[in-house]
């Protein structure tokens, strides 16, 4: 893990501001700020979403416009405060959340200059990613790390699985294209492959469906295949999650297990929460 | 666990009534009463459901109306009996099942006063929750507890997973809104997000479907994502269920395992049923 | 397990006939007979299915009729032979496969007497169940037993899960009925509950879909619920299968493990197939 | 594993060519070649797919035709080079990838002779299977082997499961045919069985849906069945994957674990990557 970006010198308010903006458990203000931030982020995403509903835009368009500017100003102040509080401005600006923070404010300013602002809606919606700052909360961090570790450990198996599935839908889709043809909606191989994905993943829109007996027979086989194949990623992740959960407990047991909240040690091998403060107990060994 | 609400004094019939109404295995009458109650509850829910079918209401409306009153009177008597038999009336009235029991009877009485009774149908249907009293049956209780413990232990991971999924459908839905637009049915971002949920969860109604090549390509990716992502909650619950099942067996083995029916001890580590009475063997350790 | 129904006296051909008809691995003729029987059963089910296709019935109806009688005569001879070879005719006639064997032949004879034979199609189709005789094959028997044991061990948990799901669809369906109403196809509570099942199980026919914003929001929640809930039965069965697979290996290890084919013992704890004959190695302990 | 098909004599360029064409980690050229090959294969499959889109074919048909010939010539040269470099030409020509390699080139040559080339599209699409050569990459090979071993170990259980599912859809489909009849789209038993597969696998196209109350009730049961049954293959594969992952680690631990990259040994039992070169650590024991 990289060293903290907390200011190592300068006036004490910078350090305090950093704690509030970037930390969670150190400062009471940080918890309050986090909850406020989440609420504002969710409200601002809701505004973007409602703005796209024609009937609401027609009636409350002006109010939504005002709200959007209020949120943008708030986010701009927050961005400036984050910039002011970090040790390395460059490092924050280029970090994942630094970019997302910036992307949360520029579309509104850009809408003053640009004529066609339709594509900006995507950038505005990306601010929903800021919700993941909530995962800083210690309790979630440990869980997210276990999930992430399990998915990372199973990435090769999942790639093998995905290559197999993609190969299957290409071949099966081409067969369906030959069997059914344009009359049933299978107008080209790409469309037939799209249909094969819809069917194998058990989504089944029904916008394209086979009408010949042979096509329905092959479709039934694709469905049974998709119904059974789902066992593979599930099995992979289950095994890796069990492994990750076991690893989190650690082979060397007690020694490595400390509370991520109060940093107290001496927890049992199967302790999930700190016996003192209720924070998540994590292993601090190797890796 | 809170102390029993069984009457600690008063005439003996109150204690016996309590056993019949609230207990299951103590009294033969309690088993008979439970089965009768389940049947009446199911019949009364069936009446509510059939009452909403126009053709049946037109022909048998009066009979259904009579039946509804019969069930309401029975439930009222039951509610009064429960009230009479408990030690603390207040505690019963404010308990989960106390509220459900009350909600089972008031809609019918309210329908005498109110003009528009359409919304009462929901309250009337809530009486189906009373079926869960059957879970008092010891054998189910242990199983429900294992399930509940596994779900509780995995709640943080499931929340992390849900936040990820919701973030994904918001961003992917917005992309589809931009790509497909109102012509394909993606009339607004909320509708597009609804479509993304329909697709990611592999439900696939087909009321809205992409028609452009780019849209179908992105849709195929969303489907494969949803098809693979389902492995995550499944893996989480599998691991926690294995853990909960293991915990139910207990690290200290034999000592903690007693029959939940006859309370006899000394069962093997892998015994699931009591060797004496056939009741479920559960662990009585800590937690 | 009940004692064998093999004839304990009488001419030797009765015993040999029994071995061919009821056993699998004892007699070479039994294997040949099994494969022939499976083929005839599948062909006869295919005839029933094709007979229901109007265009095929119009053109090849007579040929199908002849084939049906050929199969019926063959099955009648088989039934008579089974009757002749068993020790207790009554026990065979009342056994599961005895009843299925009888149901395989009577519809064709009944069609001579009855006028409306449409409902007979179901009874004729039930003969597909006879395919399960193939599971007598030793290798499958062990696997089917492990599956069956896992499902049996998890039956209470699955019932708890099913009660929860049914309660949920009843309540959620009623809500959707109130929110959407007949205009969107939610014509009554039973139909709305049917829609809730279609949605929660991620089937998603799309014959009924919500059209109001509130309805689509609740629908999205139902879908996410269904998407996540599927983890529960999967977790239950995974844990029990792991347990059953472990139990099949046995705590006492080597001693209890014999080949179900050649009955040889001394197999390793993790041996799945007999080192001598390739049959499945099963545990013969307790249960 | 069969002995290598690497030329055991002849000029040294043959051995080097073999290493580039058939091996991955031995020769730098082999890695470059592999990546180039994958890109060309994907490009050639894309050409086949785009060629089937009428609007693209109309505008860019000639360019696609030229590209197809370029790829065919490249694949022909590759096929000749492979033939030239192997020890046994016969063995390569009859191997799985030998046949696929040949099938990648003949359709284009056949299109010079044949009039109706529509069915050739399938053979042309089969070249997508060549992508699996990438799985030669050591890291994937180990993972694919674990997946394959788990699926192989569970094949009997999966067959038992499939027989059960097929039997169920045949019987349930026939019931639906009787209940719903042609008016609802259940025009014959095969169509009704197709519908039962669509429903049980939770695909749910919605092209055929029940309209009677009894039909919807039975459909709801089929859906719940399918929703719950998916737990069975998932559980089977999870257990076998856990078993296969455990087996890959080996009961004898350290001894058998070597790096598949640098072939160094002495890795920990739970080491996944080589501590020296970062390659995957695999077990080299028996099987």
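Which chain is which? They are A, B, C and D, in the order written, and residues in each are numbered from 1.
Definition applied: a contact is a pair of C-beta atoms (placed from the backbone, for glycine too) under 8 Å apart; a residue touches a chain by one contact, two chains touch by 3 or more.
These numbers come from a predicted model, not from an experiment.
Simply put, subunit C must spin 90° to overlay its Cα atoms on subunit D, rounded in steps of 5.
Of all residue numbers used where subunit B meets subunit C, under half belong to both copies. The two sides are thus made of different residues.
Centre to centre, using the average C-alpha position, subunit B and subunit C are separated by 29 Å.
Between subunit B and subunit D the centroid-to-centroid distance comes to 42 Å (mean Cα coordinates, whole Å).
Residues of subunit D in contact with at least two other chains: 161, 190, 193, 202-206, 226, 230, 234-236, 238, 242.
Across the interface of their complex, subunit C is touched by residues 45, 48-50, 52-54, 118-119, 121-122, 125-126, 128-129, 131-132, 134-135, 139-140, 143-144, 146-147, 150-151, 158, 161-162, 165, 190-191, 193-194, 197-198, 200-207, 226, 230, 233-238, 240-242, 245, 270, 272 of subunit B. Listing the residues of subunit C that touch subunit A in their complex gives 202-206, 234, 238.
Of all residues in subunit B, those touching subunit A in their complex are 153, 156-157, 159-161, 163, 167, 170-171, 174-175, 177-178, 187-190, 193, 199, 202-206, 209, 213, 216-217, 219-220, 223-224, 226-228, 230-232, 234-236, 238-239, 242-243.
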